[in-house]
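Consider the two complexes below, in which subunit A is the common component and subunit B and subunit C are the respective partners.
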Partner chain A sequence: MSVHGCAHLASFKSAKGTQSYRVLHAYFIAGITEEARKKKAQTCFCHTCCRHTSRLHACLYCVYFGCYDGKHIREHALSKKHNLAVDISYGTVFCFSCGDYVYDKELEAIAKRHRRKAAKLNGIKEQYYEWEPTNFELDLLRRNPRRKRISDNSYIGLRGLINLGNTCFMNCIVQALMHTPLLRDYFLADRNVCHFQDDPSMCLVCEMSQLFQEFYSGKSTPHIPFRLLHLVWTHARHLAGYEQQDAHEFFIATLDVLHRHCKGTNGLSSSNPHHCNCIVDQIFTGGLQSDVVCQACRGVSTTIDPFWDISLDLGPSLHLQSSTSGPNSTESMGNDIGLNEDMEPTSLLDCLERFTRPEHLGSSAKIKCNGCQSYQESTKQLTMKKLPVVASFHLKRFEHSTRFHKKISTFISFPQYLDMTPFMSSRRGKSSNSSRASDNGYTNSVSIADNKYCLFAVVNHIGTIETGHYTAYIRQHRDQWFKCDDHLITRATVQDVLDSEGYLLFYHKQILEYE
Partner chain B sequence: MQQIPLTDEEALVLLQSISSDELESFSQDIYDEVANEVSLGLCFEVHRAVKLGFLFLDESKEDEKKFEIVDEIGRDVFGQVPMKKQFECICPNCQRNLAASRFAPHLEKCMGMGRNSSRLASKRIANTGKVDSDIDDLDDGDWNYGNDKKSSKKKRDKNCPRKIKPKARNEERKALLLQCCGVISEHTKKMCTRSRRCPQHTDEQRQIVRLSLLGQQITLPETTDDIQVDIDTYDEGQTQLLQEAMYRSWDTGSSTNASPADSGSAPGGSISSKRKEKRASSNSGRSGGSKKSKSRLPPGGSSINMGNHGALVSQPHLPSDI
Partner chain C sequence: MKTAVNQKLIETGERERLRELLRTRLIECGWKDQMKAYCKDIVKEKGVENVTVDDLVAEITPKGRALVPDAVKRELLQRIRTFLAQQTKI
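And then the complex of A and B:
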């Protein structure tokens, strides 16, 4: 019942090995080199009737091509007692003794290698193969025949969460995480192995896995996340306490605990976030590049720091806007575009623009330049070196500075689709004009697609700085949106989402690459 | 027909000489060939899946209609009408059954984190979970790059143990026992803070306690000399000190290093301001309230309960508690 071919093929292999298959496949089926392809084009036709379109097969024992439809390969097999032949189009082996095509693991591996080589010739980097169950999985699946088909109109994957007493901030973050496609796939595909070194019932990653099971169980009653709350309070003591809390803080704390638990409680690796490859890092960790340019010698000092989210200022810009159109004004972002850099931002793009704008660190903040070995004024610029798969944005609506003690409720528009290309480190130094214009400076169209993101979750805050309530919008089934208000899940339109105030915005990369 | 490879020029010449009918039939041939090959590929896929046994693996016998999203106004996506149903859960700490919407405040007390949490719980934590809580606090410092104020405040709390000299302790004990009943309750293991004439306990019991604690016979002064504790003028700060003193004298074996939970309950008003500051220093908003707006506690501070339990019940919570 598996990929073991048949007895006849087995005895052929033990007698003659896989050489003939290999050669046939390399030249006439896959065409792994230019020369091979030419040979394939020139010689692939039936030796008896000269046709090439009639399901051609190649004999494994000798040099003979015969068509299946015209029964020529059959005649050859019977007369010469050569019972094995290969289909030229796909490389499948036909056994005349069995009277059927047979599938052999060893030969399939050879075929796969050849196909990869041939694909490389055509510029295809990696091929996609559908998942196939192993023997063990097959057995498991057969013994458990119940399946849940998640159609477009199914509520499986949606679930309400009970408010345990001021825990709506937790509920919203849980909803956002449950609907992070890559995270969901990781846990539902059972790819998690627990590395927690203590009592396994205290592992937050395992609890997360359990949460996914709850969300996809098909139950319609809301879930009570009391175990989760207990775990978070145990592992992130600073968050513990029955009081209203900030969803953004909770999000970062949760990622931190998950990150720690993914690698077990190994003190060494936790101090070196660059070298971790846990699922949290794979999905959420990006690299933020900080460039400090010395004004005297133009020497650049670059550092790259990991980040899990980007916190964006909303108030009016605190820097004196020297929006001159002089020769050295890569800083002044094109007045001709009409960007109100002196005013408050009104869109996510405005915020990101401001975030990645080079800023002049005033004369009171001179730093020592390694290039010219003196204290000089400098400009600093933040750009994205590496984008995470999930980009989270935090709009800083709560000001606790000396001036403000209020919530900034101004409407900040955010798009459904976001292109992060203008904010990448590779675009640093180029004036905003070219980054706004559509085609200048784009060398490879593939690289544009790499930076495109799609909104999938929004967390909103209703209320004041002292007290309030959190709700979330999440995207399911590619383009359906739902509003999550603790235990109440209702349908929402994409316009509802885009019109909402927005506090935490979650974007998912549209195209994922193989590594 | 023999396949002879043509150069590009020869091919072009050949193509130019073909009539449109022939062109039509040639393109049809090519299309047929491609279509046949693709169909063959699909057949192989299905054949292989059958042979290896996983073709219909994803077929479900379950009724899909059961899980359809409902789109009616007044109902959620599961078709339910939103009701205030009481959900229950079990506390992982104390294994008690309680209402889900009150779980967070319960857990706070149960884990010994609230200001008014039971002394027992915080003692429990101090004795068993101290090591863990220390490590956790250190870890939190790691990622708290923006919030140094917060963590340093916490550290300050931890490092304020109340050290009492043994001699002074004895004096304190005596003074206390002069004023209060002092009988240790069987099930809560706490001292009675009522007056020396409290009806719940006998003089005999009081005598026994004094004997065991102070190691000598004390004759209780006559009732007329009792120092009456006037409940209504008794203020909160004193009660706190009283409680602390009593616990110290009762629990002679425990260390004087206050656990984070203990020291957090410094007298009266300073906690609230500390907490408020803690919140103010971080750049975030506070929310998470449920829709109910009743407070659990009776308003005002005058209803001090001088009963057996040590925890104060009269301190109002911070206004943000909704």
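And then the complex of A and C:
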């Protein structure tokens, strides 16, 4: 296949222009209007053998369609001396004089325009196009000829972090963030913009960018994150000082400061429930649906709130659950998995099941119902309306109540691959009853594929509630796990990770949709 | 029958949507990268000047067909079934 077109196509274009290609492509290849699509459906078959499959080609000189596999287009080309034909499926031009397909920049540009138009007509959101460097990027590549190749046993991206005095709570979160695939790609692609023109040293986004550079520089000495610590102290005052802090609190505070420093444009072109298009919201924000059902009139009031992480209760259930008191909606709730009310959760799935189960709010918490305008008992159910790209789960191991403070060290198992489908708003609660009939049908198989997650980081806490130490397991790349204990990085197996006492669990969506 | 189904698929734009879905799935499961690597090997072995698209197609087609994951085939089949069921209803 020649890269520079061929003489036959060039002479065809200079004699007849690109008009015939343009029309052929608009009607029979892309189908850019409904009328064109109809024409395409009716006329796209081999004019010799009448089949519509087997690589149909259209003659560029006259109105003739012929199949390639059955060689009818070849016969036509040879007998009529029409040596150029277009592949109906892909729009590429075949030259029978050269015996191969030929590239042509001008025709490709036409094809691309038509494809975009047709995609819009067909309701295809955004097609995938491979990256093509711009002239500026080509220049950059030429001026920087050194390329880093990453092999399977490469240690790139792994760097220890010096503990600056009880700062392991920070180190473990930094390790998790540094190995969040989408966040890494964003920063390593230089997509971040600083909004601190007068004093960039105050910008946490710039510091993150700097950290990514440090981690992926190839250096192996531990990094000293004193600048980050200082910024955190400045921007999140409640974390300042040398006391032990909660890693979860640090994680949320970091996201909050990053979000504020990104200054995303609110309400524009964003589908996440925070209505912000900053990188933090694009990656971490999901939407939690809360349905409150009035027990008197069965009226439902629904609200959707953004979330950055899901905090999950451990230990025995404290609330009276509705499956013991709900009058008629019991079949659909909880019972599918058969979790006993009084059983303590022993796995992440148990926790999520409990989290999304309808909860009876009790007689002491009557809410005014909008339907019947009276104060009534009600049930509340939380479900996932919109899943974030990175799902972060916080297992509430630290229990603070008026009577006691204690740490729950129960082993909670968690999977390497997680499917969130059962916890979606569309599947749980009321709607699951109506859609049950079609559950094993096509909707099911598609949604399952789209809600799959893969574990990429786990933060662990060793010790008691008063004093302890944080470490993190991170996935460097596919199935390559490492344990990060401040400045020490050691290799680990997936089993080590899954057997550990997880505190924060980070999952990355496997399939990303275009917006 | 086959012709009628094909016409319906094209007319409604469903064929293009299916194609896009298939394209996405094949990229996701690594099929595209595998095939690309395989093609590269063939081109390297024979030399760029001595290989045509037909040669490539002939060599990679059996392997390409075999490597499409069953889950992808099932999903596509299910989509087509659903589409046809909807069409007959109308």
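Convention: the second predicted complex is superposed on the first by the 350 of 515 C-alpha atoms of A that agree within 3 Å, B and C clash if a C-alpha of one lies under 4 Å from a C-alpha of the other, contacts with A are read in each partner's own complex, and residues count from 1 in each chain.
Assume a contact is a pair of C-beta atoms (placed from the backbone, for glycine too) under 8 Å apart; a residue touches a chain by one contact, two chains touch by 3 or more.
A quick note: this is a predicted structure, and the numbers were derived from the prediction, not measured.
When both complexes are overlaid on chain A, the residue A:40 reaches subunit C alone and has no touch with subunit B.
In the superposition on chain A, A:122 makes contact with subunit C only, while subunit B stays out of contact range.
Within the superposed three-chain model, A:511 lies in touch with subunit C and out of touch with subunit B [touch as defined at top]. By the touch criterion stated above, A:99 is placed in contact with subunit C alone, subunit B being left untouched.
After overlaying the two complexes on the shared chain, residue contacts for A:368 are found with neither subunit B nor subunit C. Applying the stated contact rule after C-alpha superposition, one finds that A:407 touches subunit B and leaves subunit C untouched.
With both structures placed on the common chain, the touch criterion links A:158 to subunit B but leaves subunit C unconnected.
Once chain A of one complex is fitted onto chain A of the other, the partner contacts of A:52 extend to both subunit B and subunit C. Judged by the touch definition given at the top, the superposed model places A:230 against subunit B, while subunit C stays out of reach. Comparing subunit C and subunit B on the residues of subunit A they touch gives the larger count to B. Counting contacts by the rule stated earlier, residues 1, 38, 41-42, 45, 52-53, 100-101 of subunit A appear in both its interface with subunit B and its interface with subunit C.
For subunit A in complex with subunit B, the touching residues are 1-3, 38, 41-42, 45, 50, 52-53, 55, 87, 89-90, 92, 100-103, 132-133, 138, 141-142, 145-149, 151, 153-156, 158, 160, 162-170, 218, 220, 222, 224, 226-227, 229-230, 233-238, 240-249, 252-253, 256, 260, 270-271, 396-400, 405, 407, 461-463, 465-470, 482, 486-491. On the side of subunit A, the complex with subunit C involves touching residues 1, 31, 37-38, 40-42, 44-45, 52-53, 99-101, 118-119, 121-124, 127-128, 441-442, 445-446, 449, 510-511. Residue ranges of subunit B in contact with subunit A, taken from their complex: 1-3, 5, 32-33, 36-37, 40-41, 44, 47-48, 51-54, 57-62, 64, 66-71, 76-80, 82, 87, 89-93, 100-105, 107-108, 111, 113-114, 132-133, 136-137, 139-140, 142-144, 150-151, 154, 280-291, 318-322. Chain contact summary for the complex, subunit C toward subunit A: residues 3, 6-8, 10-13, 16-17, 20, 23-24, 27-28, 52-54, 71, 74-75, 78-79, 81-82.
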